[in-house]
């Protein structure tokens, strides 16, 4: 609440309205021919058909049942066959902003909430030295389980054996540092002198063993994962301008309901040679990785509902996920309005 | 309650029993080799298998589990391997009548209810100057939304753009008169000098612009829609014996449960040339139209459940649907028995 | 409760873990490379992923998320990347025994329950003069309806017309004797001078009419059905060492939940000539028979939920099923622990 949430990627809005439920609110997203993006309550105020069943026109979105036309502010601006437009003929509109190819929607506590900030920037979608691609998933699992998964990359060794994972003990024994600042949790892991995983060798001409890093930055609405590797010993992993192969992962995690989640991901990498082919490989392998995660996380959630008991043990890898859970718990307890 | 409801069309009963739930009551419909039609509670009184899983014989319907045989009155008349038939060995039977190819079932308040009237006639299924065809749909939506849809043909302009709809503003601006008499609501709309829609031109050799009429007659169990057109200026639309192209729509709307509905439709038209081909066109285009309606109505109902709020605005086209809702409300409040 | 239940057949455990819910408890079954079988609670004690999503290793089953390894006793014996293993790192294990190709699991009232008996033997899976095959079904119906079905083979005449059924009146009029001893119910039916059904003639060279027997023995966890036939008049059906064609059916009926059931079946027969082909026929026809039963029983259960009323009449064939229901009722009322 009172947050910008990822509602989609810019390339999803192509002339047809898109239905998407965000924090339990059904929203229709659309792009006008002028390029402007709108986000309205997905329900015509006449007979309740989803506006996403309608069509986009120059001035707004038109309902597919009796043709009522709504502008980006949610006002009905045309009722076919009727001159007078009742003042109640309007639907709720949501603040929406596009930035770096990400469509953000502000979900406030009150219907007339105004955003108190700009949505975050994400420059790797706009930086010409990076190639990127992405997609989105619908998860039958609550957002916390996706947080857990992304904040603990030790699972790579078991879940992603065939793609970015590789040698399990290396992952489990990686050096890990966790730090918290406000609502942001940072987790840094390094794996020196390790075998590069299949995705890396497909994407970059490493000479042999590599020094790898994984830097994970949690924000309430999304997680940034900066992974990469350079040839072993060829630079310090503490140096932010280190060379080598870089992958910048964006992971927008938007609750759909209490038990389901939208997951928007992109991967940007600094390819230099054979760009189109390697980009294709990185995207495909990333998607394969996320498919594997989805299987695990949805099976985990089904099983959590299966068992009434909640006792779990903690192990060393849980430090990152647990810090994030503490941030979320604190925010949920916080009174929304004074 | 205490009504004849459409249970099906005559051509659906072809030797195999048909399972159909009507007003929350599971019913098995069957036709004996003698031609007589039966309607029984769809549950063997022995082990509760649906009788519709069984088979039809000369004297009744036989259960597919242990072979108990029930006649049209619901009495068990044979228990294989047992001489004595207990007096409790019977299932409820429903009054059923076939008339003009429509199978009507009387659903009374009490189990032993006797019909207090004949089911309605529908002569266009028996009139040799009319060609007809029909079908049925199962709707995941309550019956009221189908009433709304049929009582307001202004939606033709938006929902049925590609078939019978055509020019949206013409529909929205059509002259409309509504009248109520007892439980019957009549709605008459005329559209003079208008472009004939694709279905019409496929079915009739119009010279150019046409005068169209739509006469809708609501009865609790079904809606009759008489639409048609004649060449513009070639006759009065007030004249009941007007010429031109006529389409007589029968729409049996039978609640299955509170939230689901059976929809039985037929379209009869007075074709004169190239009959088989044009009839095929009319039927196919009608079916396409009903497919479009089903999409809209089921999406509407899903959305109504999605949103807890019920506030809707009324517009000019709602006068017909609202009259019907008032009739239904009055009947529902009426005590069923003194 | 406090029973051995059939959890599966030996041939189902082939290196991959198998998930199966037994009496509402999700269990993972697995066979170690050593051949030993394990049965654990299907939930990792770390993040609750089903262990059945993991893999089997030499010492136990390894979770597919973070690699925790559990032995057959349920103890966690390895946490990758961590030396200390908390004492709480364990999952419940279930007593499990393989006997005559059947995997039995003891479900006790308390977590640490020890079996008070051996699981039953079933020698026809180990007897070289018998050929057998089997399979399993998941039923959307409670176990009682499967008991009813198997304890009353009179349904063969109607449900299994095309396979083992045949002449309905013959089945309905068969001589039947029922006896109860402790928790065991026995039902013996004989049909002298009757037409052999299609499965029988496919499997054995009968000369003409046959004397058939059906001996059904109910145990709480399973039902044994010994059917067969010899040429009419060629021996006494009272003689346990009678010749002819024998089919020994094993039917393990294990509640999954209150409303769903696992059904494990095998059919063993004493084939003498053309063994492989006839065995194939017997298995295929048995499977076809069980498919027919499944359709009926699931339709019956759907219908029982459809109708709130529970009144059923009893007929002559219900004596076997009713005796079994009385045994079950008595056991359910019995206090589980003193």
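Should a chain be cited, it is by its letter among A, B and C, assigned in written order, with residues numbered from 1 in that chain.
Here is the rule we use: a contact is a pair of C-beta atoms (placed from the backbone, for glycine too) under 8 Å apart; a residue touches a chain by one contact, two chains touch by 3 or more.
All values reported here derive from a predicted model rather than from experimental measurement.
For the touching copies subunit A and subunit C, the fraction of interface residue numbers used by both falls below half; the interface is of the different-residue type. Superposition on CA atoms relates subunit A and subunit B by a rotation of 120 degrees, given as a multiple of 5. Averaged C-alpha coordinates give centres for subunit A and subunit C that are 48 Å from one another. In subunit C, there is no position where the chain touches two or more neighbouring chains simultaneously.
Looking at the complex, you find that subunit A touches subunit B at residues 26, 42-43, 45-50, 53, 62-68, 79-82, 86, 88-89. The touching residues of subunit C, when paired with subunit B in their complex, are 148, 152, 154-155, 157-159, 168-169, 171-173, 295-296, 299-300, 302-304, 306-307, 311-317.
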